[in-house]
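The two complexes that follow have subunit A in common; it is paired with subunit B in the first and with subunit C in the second.
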Partner chain A sequence: MLTLENISRRVDSQDYLVDISLEFQRGELNILLGPTLSGKTSLMRVMAGLDRPDSGRILFDGESVLGEPVQQRDLAMVYQQFINYPSLTVYENIASPLRVAGLAEAAIKSRVAQAADLLKLTAYLDRKPGNLSGGQQQRVALARALVKRASLVLLDEPLANLDYKLREELRAELPTLFAELGAVLVYATTEPSEALVLGGKTACLSEGRVEQFGPTLTLYRDPNTLMTAKLFSDPPLNTAAVKGMNELQRFIGSSDTGTLAVRAHHLRLASEIPTASTFEIRGRVDVIEITGSETFVHLQFMGQPWVAQLDGMHTFRPGAEIALEFELDDCLLFDDNGVRVRKPSGGRI
Partner chain B sequence: MTRIRQGEGVEMKESISSVVENKLKSERNWLKVAVVTAYIIFLLLPIYWLLNMSFKTNQEILSTFSLWPRDFTLANYATIFTDPSWYSGYINSMIYVLMNTIIALAVALPAAYAFSRYRFLGDKHLFFWLLTNRMAPPAVFVLPFFQLYSAFGLIDTYLAVALAHCLFNVPLAVWILEGFMSGVPREIDETAYIDGYSFPRFFRKIFMPLIASGVGVAAFFCFMFSWVELLIARTLTVTEAKPIAAVMTRTVSASGLDWGVLAAAGILTIIPGALVIYFVRHHIAKGFALGRV
Partner chain C sequence: MKMQHNKAWFMVLPMLLVVAVSAIIPLMTVVNYSVQDSFGNNEFFWVGTEWFQEILASERFHNALQRTLLFSGLILVIEIPLGISIALAMPRRGIAVSFCLVLMALPLLIPWNVVGTIWQVFGRVDIGLLGRGLSSLGIDYNYTQDVFDAWVTLIVMDVWHWTSLVVLLCYSGLVSIPEVYYQAARIDGASRWSVFRFIQLPKIKRVLLIAVLLRFMDSFMIYTEPFVVTGGGPGNATTFLSIDLVQMAVGQFDLGPAAAMSLIYFLVILLLSWVFYTVMTSLDNDSNSAGRGR
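== the complex of A and B ==
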C-alpha cells in the first residue's frame, strides 16, 4: 500500500503539487486522470523518488520511503517517451534490472524469455531498440518494468505516443500484465475514455490538486465537483449558468444560482411532444462533424458552446436553429463553488 | 516514298532534344569536375611540395626547380629515425599530447555532465566563462605559466606542457561533450537509477556508449590543439621534453638550413593528425550536426 500524505511541491514559485493525500492499494489499478500540466508526472516523479516534495510524507506499507535513494526503492517506471538503452540489445534492455540485482544467468534468461513472450518481443531480442517500431520500443520498456517484479509500478501515459490501433491492443493487455504482480499500479492518462476502459480507481487531478478519488465508474457517473465532471468528459461537458436550481423547468424565478451540466451523449433531437421528464433547449448550429455512426453538433446555447453527440448521420445548416432535449435525470447541477447539488430524494438532480 | 508518321516525328524531336540536353549536362559536369580538381590541386600543392622536398637532396632543392625528385633519396628520413635529437622530439610531443588528452577528458566528462544535467548557482555564467579562456591568444599565458611552473620545478617536464594545454582544451572538451550529453534524454539516466544502477555503473555501461562520438570528437580537438601548439610547448621545455615543432625551428646548422630533413620532419608531423582525422571523421560530422564543433 502506498500512502501519500499532504504532498506539496513548488518549483520556481509555481505550484506543481498542492496538498495531495492519496492511498493506493496493492493489486489495484490506480489511474491519475488530468489534462497536461495538471501534475500527473510531477506526482509520479515524487512517488518514484526522483523529485523530493517540499512537504508531506510518502509511506510504503506503512514505512516512510522519503529520502531513500531511487536505486534502493522497489519500483519500475515507464515513460510516455519510449525510453530504452539505445546501446544495448532488446534482451539486455529487458535483463538490465535483473543484472544489476545480481540474479543468476539462468534465472535472468527464463524471466526475460517469459516477459518477451508476453509482450511479443521474442523475435526481436537480438535487435537494438532503435531498429524497432514505436510500439515495439514501448513494449521493451514495459517488459523491463515487468521483469523487475517491483512492488510499485508507475506508468506515465505509456500509450500516448502510440498509434490508435496499437494503443487499443496494449490497453487491453496492460491491466492483466501487471495484475499478477500484486504491485501498486499507478497509470497516468489524459484521456477519460482510457480511464473508463481500464477501470480500477481514478484520482482526478487539476492544477496540482486532487479533485476526487474513487472507483472510476463512480467518478464518471457521480462526480462530486464540476471540475471532476469536466475532466471526465470527452467531448467537453456542456454547461450553462442557471437560476432556480430546484425547479429546473422554470430557470427564472428563484434566487439560487449555479451551473447546469449535460454530457454530449445525453442530448438528443427534441421529440414532437415534450414529456415531463425531459427538458428542451434551442440553440444555433456552428459546425457539424460526422464520423459515420455518430454526428457531433456544435451549437451555441445561452452564450456557451455546446456539443451534442447524436446517433446516426444528421445534416444541419450552420446558423440553423435546432431543438434538442435531455432527460432531467441525466443532467448534473453544481452550485457556485462547483460543488454538486443533489436532490434529497436520491435522484440524480 | 516514305512518310513519317506523326508519332515518329515526335519521337525524333524528343531524341534530338535529349541529345542536346545530354551534351549540355556533360559540359556542365565537365566544368564541375574541373573546378573541383583545380581546388583540390591548389589545396594539396603545399603538401605535395613538402613531400617532394623530403625525398630530394639539399643540393637539388637549392639548385634546380623540379616537380618530382630527380635524385630520389630516403636519407632525410633516415636522419630523423636515427638521430635521437630528432626522434625524441616526436616521442616527447606524443607523450604530452596523450597526457593532455587524457587529463582534459577526465576533467571535462564530469564537468560536462554537471552542466548538462544539473542546475546550480551561476551555471550558465560559468559555462560561458569557461569558453572565454579560449578567446585569449595562448601567448598571453606564456609568462604566467613560465613563472608558475618555475616556482614548482615543473619546467622541462611533460606534465608542464600537458597541464598548460588543459587551459585551452578543457573548456573546449566541456563545450563539445555538454552538447552530446544534452542530446541524451534525462529519462535514460532516471530509468537506469530506477533499474538500480549506481552512478558510476550507469555512466560506464549506459551513458558512455551513447556519447562515444562526443568523446571521440573532444579527444580529436584536444589532440590537434596540443599537437600543433608551439609557443607554450617551446617556452616550458628546454631539452628533456622538447616537442618536435620546437626541434624543427632549431635546425639551423653551421652549413645552413637542412631543407630536406626539415621537409621530412614536416611530413612526419602531418601523419598523426591525418590518422586521427581519418578515424573520427564520421563522429565529427555528427558533432557538426549538433552545432558544437
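== the complex of A and C ==
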C-alpha cells in the first residue's frame, strides 16, 4: 500500500502539488486523471523518488520511503515516450533490470521469455528497438517494467503516443498484465474515456490538487465538484448559470444561483409533447459534426457553447434554432463554489 | 513530352555550371598537368602515367604519407575521447551554458595562420612563455631542433584549436537526448558508465561520425599551422603531404609530379573517408542482421 500524506511541492514559486493525500492499494489499478500541467507527472516523480516534496510524507506498506534514493526503490516506470536502450536488442532491453539486480542467466532467460510471451514480443527478441513499430517499442518498455516485478509500477500516459487501434489493444491487456504482480499500479492519463475503460480507482487532479478520489465509475456518475465533472467529460461538459431558469429553480428549491451541467449524450431532440420529467432548452446551431452513427451539434445556449451528442444523422443549418431536452434526473447542479447540490431523489447516469 | 524534357535540362543547367566552374574544370587542369611534362614556353609533352608511377614509388612520398597518417591517427585518438569527455562535463542549463559555449567556440574563430603564429611564439625558448617556462623547470624543450618536441607542439596546438569542434558536435547530440532517458536509467539503477555506454553513446553516434570525419579530413590536410610553426622541420620530421606538395609545386616548380601527387592525395582522403563512413554506419545498422548470440 502506498500512502501519500499532505504532499506539497513548489518550484520557482509555482505550485506543482498542493496538499495531496492519497492511498493506493496493492493489486488495484489507480488512475491519475487530469489535463496537462495538472500535476500528474510531478506527482509520479515524487512517488518515484525522483523529486523530493517540500512537505508531506510518503509511506510504502507503512514505512517512510522519502529518504531512499531512486536506485534502491522497488519501482518500475513507463513513459509516454518509448524509452528503451537504443543499442541493445529487445532481449537485452527486457533483461536489463534483471542484470542490474544480478540474477542468474537461467532465471533471466525464463523471465524474459515469459514477459516477451505476454507482450507478444517473442518474434522480435533479436531486433533493436529502432526497428520496431511504436506499439512494439512501447511493449518492450512495458515488458521491462513487468519483468522487474516491482512493488510500485508507474505508467505515465503510456498509450498517448500510439494510434488508436494499438491503444485499444494494449489498454485491454494492461490491467490484467500488472494485476497478477500484486503491485501498486498507478496510471496517468488525460482522457476520461481511457479512465472509464480501465476502471479501478481514479484521482481527479486539477492545478496540483486532488479534486476527488474514488472508484472510477462513481466519480463519473456522481461527481462531488464541478471540476471533477468537467475533467470527466469528453465532449466538454455543458454548463449554464441557473439564474433566470425559473422551472429549474423550482426543481432545485429556493436557491436562484449556481450552475447547471448536462453531459452531451444526455441531450436529445425535444419531443412534441413535453413531459414533467424533462427540461427543454433552445439554442442556435454553430457547427455540426457527423461521425456516422452519431451527430455532434455545437450550439450556443445562454451565451455558452454547448455540445449535444445525438444518435443517428441529423443536419441543421448553422444559425438555425433548435429545441433540445434532457431528463431532469440526468442533470448535475452545483452551487457557486462548484460543490455539488444533491437532489433528494438521487441521480442516475 | 519532348518539350518538358528540354525544360528540365534548363532547370539543372545553373547547377551544372556552378559545379563545372567550381570543381570539375580546376580538377581537370590538374589532371591535364599530371599526364604531361612541361619546359616553360608553354611546351607540353605527353608522359602518360609516368608521374604517378614515380610518386607512388618514391620514398619521399611514402615518408610524408606515413607522417600524415600518424598525425591524423594521434589527433583522432586524443581529440575524440577528450571532446566527448568535455561535452559530458559541460552544464546543461543556466548561464554557465552560454559561457561554456562561447569559451569553446573561441579557438575555432581564430584563423589558422594566427594559431600557428601564436604557438610559434608561445613555444619559443628565448621569448615564448611556454618555451621559457619549460626550460626554467629544467625540461629540455626546443621544437626547432628536437623531433619529438616538434610533434608534441603541433599535436598540442591542434588539440587546442580543434577539440572544441568535437565538443560542440557531441554537446549538441547530448542535449537532444530527452530527460526521461536519464530518469529511466536512474530508476533502472544504471551506473554512470552504463548511462554513457547504452544511452548517450548510441544517441550521439551520428554526430560523432561527422566529428570523426571532419577531424580526420582536416588533420590529414593540415598545412598552415605546421608551415608557420616548424616549416616542416626539424629536417623533414613534420613535412606532411600538404607541405611536401607545396614544396614540390611551388619550391621546385615540378608541376607534373606535383599534379600527380595532389590527385593521389585527393584519392587517399576520399578512400579513407569512405572507409570511416562505411565502418561507422555499418556499426549503426548491424541490428537487423545480428544473430542470437546466446
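Keep this in mind: the second predicted complex is superposed on the first by the 332 of 349 C-alpha atoms of A that agree within 3 Å, B and C clash if a C-alpha of one lies under 4 Å from a C-alpha of the other, contacts with A are read in each partner's own complex, and residues count from 1 in each chain.
The rule we apply is simple: a residue touches a chain if its C-beta (ideal position, glycine included) is under 8 Å from a C-beta of that chain, and two chains touch if they have at least 3 such contacts.
Every value quoted in this text rests on a predicted model; they were computed, and no experiment measured them.
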item: Simultaneous placement of subunit C and subunit B on subunit A, clash or fit; value: clash
item: Subunit B versus subunit C as contact partner of A:Y79, first or second or both or neither; value: both
item: Subunit B versus subunit C as contact partner of A:S38, first or second or both or neither; value: neither
item: Touched partner set for A:T189, first subunit B, second subunit C, both or neither; value: neither
item: Partner chain(s) touched by A:T295 [first = subunit B, second = subunit C, both, neither]; value: neither
item: Touched partner set for A:P97, first subunit B, second subunit C, both or neither; value: both
item: Touching partner for A:A48 - first (subunit B), second (subunit C), both, neither; value: both
item: Larger contact residue set on subunit A - subunit B or subunit C; value: C
item: Which superposed partner A:V70 touches (first subunit B, second subunit C, both, neither); value: both
item: Touched partner set for A:Q212, first subunit B, second subunit C, both or neither; value: neither
item: Overlap of the subunit B and subunit C footprints on subunit A, listed as residue numbers; value: 48, 50, 70-71, 73, 75-77, 79, 81, 83, 85-88, 96-97, 100-101, 144
item: Subunit A residues within the subunit B interface of the complex; value: 48, 50, 69-71, 73, 75-77, 79, 81, 83, 85-88, 96-97, 100-101, 141, 144, 148
item: Residues of subunit C defined as touching subunit A within the complex; value: 178, 180-181, 183-184, 186-190, 198-199, 201-203, 287-288, 290-292, 294
item: Interfacial residue positions of subunit A with respect to subunit C in the complex; value: 45, 48, 50, 70-73, 75-77, 79, 81, 83, 85-89, 91, 96-97, 100-101, 109, 125-128, 130-131, 144
item: Residue numbers on subunit B that touch subunit A, as the complex places them; value: 185, 187-188, 190-198, 201, 206, 209-210
